[in-house]
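The structures come next, written out as structure tokens.
Shared between the two complexes below is subunit A, which has subunit B as its partner in the first and subunit C in the second.
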Partner chain A sequence: MKKRILLVEDEKPLCLLYEEELSREGYEVTAVTDAEAALAKLGQAEFDLIITDIRMPGKNGIDLITQIMGLRKDIPIIINSAYQSYKEDFMTWAADAYVVKSSSLDELKARIRQLLGE
Partner chain B sequence: MIEKFSFLAPDMDGSEPRELALLSIISQSFFQPFSLQDNLLVIMTALTSGSGVGFNRAMLFLKEGDRLRGEMWLGPRSAEEAGMIWEVLSTPGIGYVEIIEHNRALVNKSEDTLSARLKGLVYAADDEGALVPAAAAVRKEILHVRGAANDPLVDRRFLNLIGVEEFVCIPLVARDEVVGEIVLDNAITRTPILPADIKLAGICGLMAGNYIYSANLHRKLLDVEKMAAMGEMAMFVTHQLRNPIVAIGGFTDQLLQPNVPEEKRARNLAIIRDEIRRLEDIIFQMGHFLKVSMKEPVYFEPGPAIAAVLENPGVLARSGGYAMNVRLDPCPPEVLCDPTSFGEVLRNLLDNAFDATEAGGTISVRTYRKSPTAFVLSVRDSGRGMSNPDKGQLFKPFFTTKEKGMGLGLPFIKRVMDTCGGKIEVRSRAGAGSLFKLIFVSRERESKP
Partner chain C sequence: MSELRKDLISGRWVIIATERSKRPDDFRPPAPVAAAAEAAGFCPFCEGNEAKTPPEVFALRAAGTAPDSPGWTVRVVPNKFPALTPGPPPPRASQGVFQSMEGRGVHEVIIENPVHGLDLADLPVAHIRDVLRVFQMRIRAIEGQLHYQYVQVFKNKGKEAGASLSHPHSQIVATPIVPKRVKEEIYGADRLFRTFKECAFCRILREEEALGARIIARTGHFTALAPYASRFPFEMTVLPRRHSAFFVEAREDELEALAAILKDVLTRLKVTVGDPPFNMVLHQAPNQWLSARHWPELAERSHWHIEIIPILTKVAGFEWGTGFYINPVPPETGAQFLRQA
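After this line comes the complex of A and B, so read on.
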């Protein structure tokens, strides 16, 4: 059975790129563009992994992680941000991995495989 | 009965003690959005105009680091010029504003000769053995010099420049720190300098010192704020640039894979093109915002600048979808602002109004006099408005409620308004539109013959 990934990314072109690339790797990707939509999806379906951006309109990625931790501690979370500097922020340590956005998705894919035990 | 008085007292009628007249002139200048240079000119004017202390000439030195440097010279160069100047200044009804305007022209006129020579005078500000005039600043003492030519403690270069036997040196001190010095003389009338004149000049010196001190502090504060904003900007730009770059790189990689269907190829190229345009836009906006130095504000007639913005093809194209309600003062006063920035400010306000309002909404542009010295330019929209937390962050660089905004429009407007001494009022409610009111310092137009 395909592993399911919830992708939270407000940049529509990036959403599309990740969706296509991760689907090609054999994952089932559900993409949403804000934190509220992500929480709604979590209530509706099971996911094996969550990838989230930090800076988004409305609720940011860190608030989203805090909220998810209160609901489900078992789903691994990857932060995927354009900001290198947030990596040093302890607020991001709650996530299982931190990947700085890059046009090569190799590191992101490697982290996904690692966290899914593949 | 309650009677109201304005801080800005009308020009003195001559019946007041001259000390009060003098302090009034200087205090009033601190209400004006003058530059440091102009405020210093006011103090020099107060010291040399008939309604003030009435010295003939004033020379200003400012402290820069550990040096005391000649900065500005105010006063006639000859008895003939003095006669002409004093005739102008004694015209009935002439106020301090006119005197300052006149003196600004005078300072600029002597720029090439006396001020240039004065600027050539530089003294060490901490040399205990300094000669006069620097000695007054070093020792923080008012010095009254008579018989200067025979006094070895007077610097010869300075003496050659001013060419008088008697003068008084007033150090400008604030919080025990020397910020400059003013030298005063009666080179034209040759009248002796009296102790009462020196006392009064000393008080002016204290005011000038405190003014320069607070202006220096303000400048330092702006530098600190600028540094903090730069840090925040660097971070924001990283994010703004990285997202399109990641998209461009990612979709290009897809194109390089074998057997890409034509439809996908066209789609990816369109995305890449859009993202490159976005990068261009980001760079354009950053460049615009980074124009660090604002131009000095001047008084100008705002009508043509407003018309130019409203008739701009980009604005016309956008305004088509809205009910535009434009009501402009047909004969506006002159406003104080850099004319180019004024136009850009209006353009920014209109762009924000278009962005916040669905097609079919109403956008109103109004100009009117709020008072004889305040002119309002307002833009109201019937758009989505703002919540309270958003309002608190409005003028912070990089704060935006727009999907594609950079958050640099309102900080730019604030910078322009700060530079020209204007004010911004914002009224907005979530769902009920926004009103941005810019209040400019204004003055009535001079009637042209």
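After this line comes the complex of A and C, so read on.
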């Protein structure tokens, strides 16, 4: 059975790129562009992993993680952000990994595989 | 709100506690208001004065008694002058090379018993066990809020040890980062694990028990010893003999045994050096949830324990400058005195 990933990314072109690349890796990707939509999806379906941006319109990714932790502590979370400077803090936000956005998705894919035990 | 500031060179975080600078017991005479009030016979921690503390977050109390009223045996309240304020920490800020973050965290006071003059060592073992059980409950509750990476439980007894009120109490401070000293202990234990192929604390326990010279007391579950490189006279460490990284994993029978050995060693300390001020500090692995995610190996490499540091000497210039401590009482001698007490 395909592993399900919830992707939260407000930049639509990036969202499409990730969706395409990760689907090609064999994952079932549900992409949303804001935190509220992510929380709604979490209420509707089961996910094996969540990838979220930090800076998004409306609720930011850190608040989203805090809210997810109140609901579920068992889903691994990757922060995918352009901000290198936040990397030291990701544990404080209870995420499992922090990947700085880059044109190469190799690191992100590697972290996904690691967290899903593949 | 307080602020956490990182020392660029050492990597140490400092809490710049603006809330606490408003504390009545300020740095200079005239005599602190709290101490003066206490000297006049008033104590906010005594039974009957519940309204003088912030509302309780937890209490062991008689059935049918209302929160913030008499009838409790152990009571937990937020610190009136907290070093840190609850809430998820925002990202770090920086100004040039200097890093800071809002002082988010938890700061609670555990009032160990309703009677002013009864110290921890004076309480029955069952009551001390209840205090330890409350520590566990609060650690679990705080660790559930995943933005706190480390929960520190400690007790300051006596003014020289940092206590601003003499009514017996302990404190819990949860921080949004793993403190430097805790990291140093983790890294040290990790390095030794790779050398010994077992938990360094378990190895130390085995060797100390075989040697015997620094053992102060021993039961089926716990060993109290004077550390080999004790920094202070009559310094003690109480270690569980069953390996565990997390204090919250201590079972009910182990809490009972811990209560008994704490009562024993604290009474020995009283008898040997005349009821000195002391600091009692719980050492454990960071937040269990975060450890499981980020340092899964900690469960086998870290070993919770309690450190008791009597305040009999002063940390002065040489110690501050070098990190060396000058201990005038060899731990073997200290342990012998405490054993014989």
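Just so it is clear, the second predicted complex is superposed on the first by the 114 of 118 C-alpha atoms of A that agree within 3 Å, B and C clash if a C-alpha of one lies under 4 Å from a C-alpha of the other, contacts with A are read in each partner's own complex, and residues count from 1 in each chain.
As a convention for this text, a residue touches a chain if its C-beta (ideal position, glycine included) is under 8 Å from a C-beta of that chain, and two chains touch if they have at least 3 such contacts.
What you see is a predicted model; the values in this text were computed from it and never measured.
Asks: Looking at the superposed three-chain arrangement on subunit A, would you call subunit B and subunit C a clash or a fit?
Replies: Result for subunit B and subunit C: fit.
Asks: Report for A:Pro57: first if it touches subunit B alone, second if subunit C alone, otherwise both or neither.
Replies: first
Asks: Mind working out whether A:Ala82 is in touch with subunit B, subunit C, both or neither, as first, second, both or neither?
Replies: The first partner, subunit B, only.
Asks: Please work out how little space separates the C-alpha atoms of subunit B and subunit C at their nearest point after superposition, in whole Å.
Replies: Between subunit B and subunit C, the shortest C-alpha distance works out to 7 Å.
Asks: Which residues form the common part of the subunit A surface touched by subunit B and by subunit C?
Replies: In subunit A, residues 83, 85 are touched by subunit B and also by subunit C.
Asks: Flag every residue of subunit C that touches subunit A in the complex, lowest number first.
Replies: Interface residues on subunit C, with respect to subunit A: 88-92, 94, 101, 146-147, 149, 176-177, 289-290, 293-294.
Asks: Name, in rising order, each residue of subunit B that touches subunit A in their complex.
Replies: These residues of subunit B touch subunit A: 235, 238-239, 242-254, 271, 274-275, 401, 403.
Asks: Name, in rising order, each residue of subunit A that touches subunit B in their complex.
Replies: The touching residues are 11, 13-14, 16-17, 20-21, 55, 57, 81-85, 101-105.
Asks: For subunit A, which residues are in contact with subunit C within the complex?
Replies: 62-63, 66, 69, 73, 76, 83, 85-86, 88-89, 91-94, 96
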